[in-house]
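Below you'll find the structures, each written out as structure tokens.
Consider the two complexes below, in which chain A is the common component and chain B and chain C are the respective partners.
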Partner chain A sequence: MPINLRTPQAETREQRLGTITQWDGSAAQLARDSAFTFGCGRDCGPGGRRLCELSSPYSQASMCAEQIAVTNATIIRDTVVIQHAPIGCASSQSFTSRYSRDLAARRGWKPEDPRSICTNLGEQDMVFGGVERLADTIRDAYERHHPRVIFVATSCATGIIGDDVDGTARQLEEEIGIPVVPLHCEGFKSRHWSSGWDVIEHGILRRLVPHRPDDKNPDLINVIHLGGPDVFSPLLNPLGLEVNLVMGGNPLERLAALSTAAATVTMCFVLSYLATGLEQEYGVPEIRAPLPYGLDASDNWLRDIARVTGRTHLVEAVIASERARIAPELDRLRRLLKGKKGFVAAGAAFAHGLIADLRELGVTVDDAYSFHHDPSTDSGDPEQDSLGHLVQTTGDVRNFTVSPDQHFQAHAALKRARPDFVICRHSGTMAVLAARMGIPVLPIFYSNDGIGYDGLLTIGRAILRVLPRRRFYEDVEAHSAFPYRREWLEETDPFALEAAE
Partner chain B sequence: MNVLTPIAAVPSASFIAPPGPIEQVRYACALGALTSVIAIEGAIPITHCGPGCASKQFHALSGISGYQGGEFHVPSTNIGNKEVIFGGADRLDELIASTLKIMEAELYVVQSGCIPGLVGDDVDNVVRSYQRRGVPIVFAETLGYRGNNFTGHETVVKAILEQYVAKQPAAPKRAGLVNVWSLLPYQNPFWRGDLTEIRRLLEGIGLEVNILFGPASAGLAEWRAVPSAEFNLVLSPWLGLSTARDLEAAYGQPTLHIPALPVGARQTAAFLRAVGDHAGIARSKVDTFVAAEERTYYRYLRDFAHFYSGCTSQYRLPSEVNVVADSAYALAVSKFLVGDLGLNPGVIVVTENPPDSERDGIVAAFRDLAPGIDGEPLFETDGHRAHAVIRAHDRIGELPIVFGSTWEANIAAEIGAPLVEVSYPVTDEVVLNRAYVGYRGALQLIERTYTTVVRQSTEENPEAAAS
Partner chain C sequence: MSRKPKQIAIYGKGGIGKSTTTSNISAALAEAGYKVMQFGCDPKADSTTTLRGGEYIPSVLDLLAEKRRVDAREAVFKGFAGIYCVEAGGPAPGVGCAGRGIITAVELLKQQRVFEDLDLDFVIYDVLGDVVCGGFAVPVREGIAEHVFTVSSADFMAIYAANNLFRGIEKFSNSGGALLGGIIANSINTDFQREIIEDFAAKTSTPIVQFVPRSLTVTQAELSGKTTIEAAPQSEQADVYRALARHIAGHEQSKVPTPLSQTELRDWSASWAEHIVQMERAERARAVA
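Our next item is the complex of A and B:
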């Protein structure tokens, strides 16, 4: 099903991909059942079925799509984001302030405060509507900062009261003469926060990527990532490719060059909406090879990029040299990590990648926790079935839990797994949970850390740095408790509550 | 207290009409008061709101506020399309029932966010059905579009007092027991240490203290003892006044309102004498404690005078104090820096949008920071406008220092001022039990202030230091 760019709202992940957020079983089973959605492209033997979401009567505070969309819009330079919302939605501005300064430090940019303004809706706006406030705020934003683009993010409240954000944006765009791009990201509309990626990528595709058929650059490759250090140029420059790194705070020029590139890769298929859209709209091919986690996958990823961009003659030398370069250190890390048991908690394709990395490092992974599961991708290409690929190339994961950062389920899953360490993203719940259970934890803030050959070294070394902290975590564990009933504290089935219903 | 009073306090007009667009947000929404529940040992919030609401408020207030951390595994209905269309009361009912199965708490506080307010869920009715079954559970309507986490805090406190505390068996008054209503937990990064110091000071003059929030509190046992207290001490410019008025009406407890958190010996001695007089404690007893504290305190100040007089240093010691903070700290810091350390007041911005009814009182509290020297607080919630005022301020010959939040980093650099982070958001301080109030807190405030001055003069700004 093609991506629909005619409407200002991106369809949610549940609608497009059949995304689920609650499931428990083996990775092999989940991959087999997901194959149904991929239309028998892979593993669709008997047993495949449409995935059904488990539902839990109990649930804990999670995250929403608005936060993803707004954070990633806010860090784009020369823009202002307007959060058309009551004040609480904008309390993430403080987080974005920290994030954007950290990003600037890592990328060598001048540190700047993120520019976002909240319309600060109150009770009378709920009754009479908030579009006038929105119009005034857009004018204010333009006067204050003279941005090149203004994003307007919606909220649960404005979605419910029905403010005409699209109409107001169009009207103000004419008035001030710069793009005013609505981001429809009401938190209640999707069960999973990763829909926020689709929202910002939808906005970018519709409004910020000009068609430039005469500017094709055969040496340019788009890399869509979540943010953080550029680990891609060292991998791709030897192929004669120049990296156009987008998202993660990169400037508008990078977005404007998207349609001119020879190909697009995403560092995580959770972000592939933009890549698929670029192929659909501008014929920029999307690299669909499994993501570069582990040696073989990294080899094959480079080969696929070389094939699509016409550089196959260069690639084997690059692969051989990369493998040789990291071999001694990889051996050392494998020796030190041998026999260790790891637990991975991250979002879908990113989790699958980290599991592959750990297994390449010789770590045993029998348990993992994915914040959501996409049975399909927007391309519909089974080549992008990252879970199926993981199971085929590195084996099953016995206990594979899908849960959106639910503390109580993660507690049971960790109790079942009893790992030597946890590696996780979205560290808000999981990192401190593991720590409080006496388990060393490696939070991955910048998700490029595990990519490619160097990614193995980066992750391996980081694990070794956190293992000695067990001394601290065990001390805390012995002197604190969670407010669950004893039965739940001992529970090892994350979905025991459903079973009991 | 009349438990049949409708719970939803009618907010003041200033909250029904919020103050316009805000850049660089410095507080959370009313739902953010879930951090006040988390600050009470033994209590758990149950949130009825969208999927990201509760965690966003918590991580903002606990994480980007000195990295305080805290117990966050908060039940939430994570409202979706279905509840928006068909109503979410049944979903909340299901969540409460399952929470009682899986979690263990002395008190559950149900808080509603924007969505239930807009779609009209009868949350009160759901909660009442549990109350009728004897479950220790209360409801606080903390709609995100009404008020902020300050007023949300008062709503939560009122809910606990009316629906939980008032239902406890009646207990006799205890002489010398005081309820303290002071800093907003989590919003102020130093609340844990400050409340600990306030407790220590009050106990020092012989009082028993319900400090109510944080590690220095005995948790809900203190809350149950609230009606037994002899009086309420409101130690903040305005937060807690409405609570104290309610308690006065319900239990006949008089209110002692001291707007300024005491920082340093002068303020603290005056504070303790005022409280002691109010509580009928013998002056001699207060004076004995004050004398012992001052003996230590002034040893440190005596020795700090070496640095402050410049005998071993060539640093550019600031002469003008600018503050961007909630009224509580704006007042406390200004009073100490102007009144005790001898700086001149610069721009003082009060950021939390206090209710209109309390603003005159706040302005009055800034008079006489030192004898004859008034501070003029500016009420401003928007960072952009606040910074414009700081930028435009005439400060010929003055060396400014800024006490503010992370948002002040750029404006401080622009005017060549060191920045001491004291107000939300705070990203460059890791805070555990550091306090800035009382005797001990003042010494820590001096340490942090002049360490910042030294580092800024030497490392970050070598040319300025050399000039």
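Our next item is the complex of A and C:
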């Protein structure tokens, strides 16, 4: 079903894609059970049976979709984000501020504090409605900061009392004359934080991407990423393509150019809502080739981009030169990493990519931990079945756990895996846990690190830096204790609690 | 691209005959050949029962409680003359948040483009009582209903509820919300009742689109699980509903309501109370004489 941009609220990932957050088994089984297998004609038989989600008796920790949406709106320059919420929702903005400065340093931008205001709703507002306070805050934000765009992020509280945020935003937009973009962030709507990407991308698609049919630029390619250094230009410039990098704090001009590009690629299919929407609304083709993790996938990714943008005559030379350039160091890394056992923990398509990278480097990966699983993507194209592609090209992952950062489940999964090292996103949970279990860990904050040919080198070098620190991690383990019973400390089934019920 | 259906919301105090009136409007429109959906926005989920032979249907929120991924079309049931029946549903009395229930249910149908896909002529929302919170205002906000009608009797409590509704509509009218189509005066059998409701309509400059008398035919039809249009198509009452439906089908121009303030409403009802007392005294005096 196409993306519905007529309604101000994005449909949740669970509804659109059938996203799950709890599962355990082999990667091959998960790929087979996911909807993508239906009718795709691959080696999985008829497939397409309904994906059965496991349940967990409790959650220890998680994250809110609101944080993803609000953080990614706040870091866009020349904007102000208004969180229409009780003050607690604004607690994540200290992270946003640090993130914004770090991004600025890495991208060579002038470091400045991002601007956001919380309406600080209280008891009175819950009873009498908070839209007047919101209207005043929008006016204040405009007068104080003169932004070019104001985002208004809703909250659980305003969602329940039914504040008419869309109506207020529209009224104020007329009054102050700049776009006021509502982001419907009620955390209770989705069980997974990645829905926050859909929320911000929905807002961008609806309001910040003008239709510019006369400004088509055949050399421009949109790259949607989570944030971090631009590793894409070195890869795509040799094809004569100019990169329009969006999200990750990139400016409004970049968003305004989205509809003029020749194609869009997404560095992680978890973010592909925007790419699919651009194809649907403006006819900008979405590159659907499997993501560029590992040599063959990187080759094919470049070939697909070249095909769609009409540069096939250039691509083989670029591929050959890239391969030749990294070959000596790749050989060295493979020799040093041979026989090592890695454990990957990351979000869906990104986890699949890291597993492919590690396997390309000669690392054994029998265990992985994905923060959620999307059985489909918005395009519905089986080409984007990154898990199926991983299994098909590099083999099964014996123990593939889906769990949203649950510490107790990750503990059991790591106990089962006994890896030589862990490579992970979300360092607050996974990296700290692995370290306290005495396992060398490579936390990745900027998820572009593993992309393309250079990504293999970046990841390989980083692992080699981490492996010799085993003694340090063993010391950390010796001084760590977990709040679990003895049985759980020995448990190797992340879902043993469900089995016991 | 499918056409945009005409979307109408019908509000009124609980027990005033709102669902009865709405179902008869739907039935009369369907009888006239239109494609109609009736959307019940009341946690009791009983708006469409007389369109379904007295049978209750599972609500959108029932489905959402059962599974996380819902095809909203599973909550659409065909009733009398092919009317599409949907109930938002909601929590049991005293728990949860019925207003949020309406937000969730309406949003789900909108996101899944159910209204467009069914290629409807009319969507009629039957909404519970007063606009007690933001959730109950959802059908009158921008992008949903365009015209609101209120069902009211000459009972003061029903008129208070209507006036409250006017205030809600007035609030949203600045931001592209629905506008007021008029009053459906229900259970009006005496001149006296007619005078009260006409006076309120005049004071708020609101048109009365139809007077609907109280009738045993309606009760009999309801008890057999049917609308009057279905159970007694030849009756006078059925013709009243047909006239009402014709009016609504042809209705184009709604307006920003001009509700009475709290004080004005109090003074207005007090003046009527005094008038009633005087009339009763005169009546008694006549009886004694």
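The working rule: the second predicted complex is superposed on the first by the 488 of 501 C-alpha atoms of A that agree within 3 Å, B and C clash if a C-alpha of one lies under 4 Å from a C-alpha of the other, contacts with A are read in each partner's own complex, and residues count from 1 in each chain.
Note that in this section a residue touches a chain if its C-beta (ideal position, glycine included) is under 8 Å from a C-beta of that chain, and two chains touch if they have at least 3 such contacts.
Everything numeric in this text was worked out from a predicted model, so none of it was measured.
After superposition onto chain A, partners chain B and chain C are found to sit side by side with no clash.
Using the contact criterion defined above for the overlaid structures, shared-chain residue A:W301 touches neither chain B nor chain C, since it reaches no partner.
Applying the stated contact rule after C-alpha superposition, one finds that A:Q171 touches chain C and leaves chain B untouched. Once chain A of one complex is fitted onto chain A of the other, the partner contacts of A:I160 extend to both chain B and chain C. The superposition-derived angle at chain A (between chain B and chain C) is 90°, Cα centres, a multiple of 10. Touched residues of chain A, counted separately for chain B and chain C, are more numerous for B. When the shared chain is aligned, chain B comes close enough to touch A:D140, but chain C does not. With both structures placed on the common chain, the touch criterion links A:Y369 to neither chain B nor chain C.
When the shared chain is aligned, no partner comes close enough to touch A:F151: not chain B, not chain C. Fitting both structures onto chain A leaves chain B and chain C with a minimum C-alpha separation of 5 Å. Overlap of the chain B and chain C interfaces on chain A comprises residues 160-161, 191. Of all residues in chain C, only 68-70, 97, 99-100, 103, 107-108, 110-113, 133-138, 141-143, 172, 174-177 touch chain A in the complex they form. On the side of chain A, the complex with chain B involves touching residues 56-67, 86-95, 97-98, 101, 112-113, 115-126, 133, 136-137, 140, 144, 155-157, 160-161, 187-189, 191, 193, 404, 407-408, 428-429, 432-433, 482-485, 488, 497. Across the complex, chain A is touched by residues 15-25, 27-32, 44, 47, 50-61, 63-65, 69, 71-81, 83-84, 94-95, 97-99, 101-105, 113-115, 117-119, 143-146, 148, 381, 384, 406-407, 409-410, 424-425, 427 of chain B. Residues of chain A touching chain C in their complex: 1, 4, 6-7, 9, 11, 14-15, 18, 129, 159-164, 166-168, 170-171, 191.
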